[in-house]
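The following pair of complexes shares a single chain, subunit A, combined with subunit B in the former and subunit C in the latter.
Our next item is the complex of A and B:
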């Protein structure tokens, strides 16, 4: 790792220690919240690269990617610019890609759709875990999963609960994306709030309060809830910084830290 | 005070009364409900395992965390794991609440889930059937303490998960059945109150004899939007919080208590509110250029000031300056009786003649309308 750790890595505690640096992530649930003006996809791309990247010393990590939003070629093109070849990783079985663009649940229930999807995920996790590798499950995104589940919030939460059981059973990490602004804030019992209760780390991408700016695209707030478990305690921390999405990379800087 | 709650749970129910029940409320702003739940659970567990409580066993209905977590938790708190089979049963509603894994296994899609089946853990595969769940809880409890007069406790983590699978009325009926069961000594449950509407929250509070609310220290919901200076303030909300508890007595009296807690190395520590009040007040108030608080000297000076009319209580004569120069000013030391006599003779008088009898004193007529300007 020759490049300096970015603010995002620091906020996510991805930079401490060279060896086993995915270890604190085991069993965590990460939620990326974004909105229309500030798309949070770049955070997801960053995390794909981070978790799949072969120059990680703990290279035994596998990403299971459940795509509802974009086809494989889309992610492949973006990650290639960032210096990570997804097609190769897919052949090396470091990336398991589920194309769920066409997933439609039967009207009579979730039997065929969501349960089958969960079965496929668990099957993949079982295979990978038996090889003693870290598994990261990425779901892009929860909002479209809800669409696929015929708008049933309950089914989505059941699905997330089952995925959560994989974190305790196999030590998986779950990374999800949700579009916050498509849910009305006045409505109780909403999906974002439920997801927030489930998540250990929340990464929120939102526009600047002061409005649009030419050289700042938005701000990221990373809320890292501390959690105690057998692996030791993680201290809670909150970081807030601005970002600017560039062609091949993203700049992160503190407010006012750029002339 | 959290200990007071634990003691009430330990003492359990009187003969012929409902079991004591506790709701632990938390929200996403201060997500420490599970930690407080763990604290109360472990306290009660140590009471039970040492035979100090009314109940002889505890049944944990685990929806949101796995049984292995609970076992680890008990281990870390120094509770003897070897004896757990005598007083603990875990109803595992976490691993496979809807039977998906079982169905997938039957179809051969996945391998056997490595559920930690053991003496103390029992798997529940359909949490939507609350009648079945209730009889399972009772069966587990009776298995622990046997038939007869011995009682056991029930802990539910959490009712928010239960509400997702069923309706409020069926969850309420389960809880009220548990409360009125003769062999249950105490029931407590965790509840994320921001996920539900007011009606649901009120229903749970009615059913509990104690309510514990976990609240953030700084209640700024949109702090995030403001500036990064407030971030450290917000960060405090993930380390510390307020703990409000209300204990309802049998006669309807409610005792409300407040405490502060801080999250240490995987432990929660409760401190009394007053001890930390000043400290937190100072840390929460933004820096201003004027004093919001009095120094000790200012406070004692303020206490010395005699307010008008305050001396009336102390049997001293009235000393109000009425605008006239008093002759008695110099000889104030003379007896008060003489003074009053003098004042009587000098008392002023206002003689008022009404202009005419046909005009009422406070008529609406403009008194100045005869002026020719």
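Our next item is the complex of A and C:
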């Protein structure tokens, strides 16, 4: 790639060595946290593009997208502006899209909803992995999955743990969004805590304390828990920078570092 | 000459082709979206054109004052004026009676001067939306043509009977719904009767729900039922050409559930009454006497785009112009003494963050 990697890619270690190599990403869990004021969906769009853009040399990666928040046309239009045609990728079987907008799980009918969804995901992962391709599972978003499950946090956590087993079994990556401010009201919520525990990388989008501005849309905090380097040292890094979302890309810059 | 003429005529044809959408009370927006008017011209301008077709609009009520009803009434009246089917649900025993309180369109003798006046005001209020003003102009000039995209309403006069009788208006009392499943079916039935979107929209519908989580409803304590109702309403509306307008008293549900509601909204507004005798506030804001309340814009729907809408101001004052039409204005902060203004020093910054305090401008 010609242009220098963005701060986000750098913080996510997406540019380690060969920028097209997604190896370090295998088996990872990424958690995107956002709130009412700042939507973190743009991180997801960025990562979709990273994983299925055709100029990736390891073009053997497939994205499984589970959408609770928006219809396909919404993602398609956004990604098209970023130079990535989801409709074509879907036909090429690089994108497997689950439209879950209408998924309902009545009181005791979880079997029909979440379990069936997991079954579909597992099937898709098995098929794709047998072709020796990287799989990325994206879920947008967990808070809505919770609503679909009628508030049964236990079922949602079971679902996430099952998905997590796929990361070790097939080496796939999981990227999810959670609305963090829902759980910040003091009560003890297990869902965000367990999700944070599972996550290797946490990306938090929040507004600036001074409010929203036209040229700084918010700040990202990226906590990359990293991995043991084999010598018993634990490499973990935390990054913080501002961003500005544009139609076809996102500008990342250090606080005050905007020219 | 002939070619020249041809060119000019083709140019004007293009021009006249644009407002055809306004006949239906709809307007094309950016990113392949379509706008529908909120019934408050100023609110349309603030939101960049109106409500997105297919969006869920939520208003957080002030439990002490019925300001959300002003917005709800204008929203419904605008639908009646545009001959759009309406579904109205409220926790009252006789929701149909509410239709009698809807305001009528404002037609007065001083129409022109008033209009010019309003336009000037718009320029002052929303100069940053000049690009949208340009779009609006053809519609405004078409006054005596057909239907305007957005009308002003006279809050003192009830709407003409024939508009209520001539339109498809369904009224549902939320008190009769023991669970939300029945109400959801009514909504989906209502939406299924709307003509589907097939590239050429002929009509749009409006769903207006007043105080969904009112405590007198049977399902009041079932947080998750209400959430999944809103979620399915949102997805139903998204795939049809309608707008759902929902008001709810946010303080009646627990903070985390309230956040969930807010996340579900495509466009999120809140209204707040202002106390009559708040001396401190009266000193701080000019035109305090005329204000009815405050309207805050928390979230603006963004369909097919990832760029957030950043408004210059998030809090607007609700005023009645000549005691009859609803206008929204930016807050004008009166000059404050450096010494006496210390208490507002933290919250008085020009920030749009809702974290800084109860008031922000």
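The rule is short, and it goes like this: the second predicted complex is superposed on the first by the 244 of 259 C-alpha atoms of A that agree within 3 Å, B and C clash if a C-alpha of one lies under 4 Å from a C-alpha of the other, contacts with A are read in each partner's own complex, and residues count from 1 in each chain.
Keep this in mind: contacts are C-beta pairs under 8 Å (C-beta built on N, C-alpha and C of every residue); 3 or more make two chains touch, one makes a residue touch a chain.
This one's a predicted model, so the numbers in the text were calculated from it and none came from an experiment.
S.K.: Scan A:143 for contacts with subunit B and subunit C and give back first, second, both or neither.
M.R.: In the superposed model, A:143 contacts subunit C only, not subunit B.
S.K.: Tell me the contact category for A:209 with respect to subunit B and subunit C: first, second, both or neither.
M.R.: both
S.K.: Tell me which partner A:73 touches in the superposition: subunit B (first), subunit C (second), both or neither.
M.R.: Second partner only.
S.K.: For A:28, decide between first (touching subunit B), second (touching subunit C), both and neither.
M.R.: Once the two structures are laid over each other on A, A:28 reaches no partner at all.
S.K.: Just to be sure I read the superposition right, which of the two partners does A:38 touch: subunit B = first, subunit C = second, or both, or neither?
M.R.: After superposing on A, A:38 lies in contact with subunit C but is clear of subunit B.
S.K.: Starting from the residues of subunit A touching subunit B, keep only those that also touch subunit C in the other complex, and list them.
M.R.: Overlap of subunit B and subunit C footprints on subunit A: residues 189, 209.
S.K.: Where on subunit A is subunit C touching in the complex?
M.R.: It comes out as residues 36-39, 41-42, 45, 71, 73-74, 77-78, 81, 101-102, 104, 143-144, 147-148, 150-151, 179, 181-185, 187, 189, 207-214, 217, 245-247.
S.K.: Using the touch definition up top, name the residues of subunit C that touch subunit A in the complex.
M.R.: Against subunit A, the touching part of subunit C is residues 31-32, 223-225, 227-228, 231-232, 235, 238-239, 254-256, 259-260, 262-264, 268, 298-299, 303-308, 310, 349-356, 360.
S.K.: In their shared complex, at which residues does subunit B touch subunit A?
M.R.: 28, 31, 65-66, 68-69, 72, 94-98, 100-101, 103-104, 107, 109-111, 113-114, 160-161, 164-165, 192, 194-197, 224-226, 228, 231, 234-235, 238-239, 263, 265-266
S.K.: Over in the complex, which subunit A residues touch subunit B? Could you list them?
M.R.: Per the touch definition, subunit A meets subunit B at residues 115-116, 118-120, 122-123, 126, 154, 157-158, 161-162, 165, 168-169, 188-189, 193-194, 196-197, 204, 209, 221, 223, 225-226, 228-230, 233, 236-240, 254-255.
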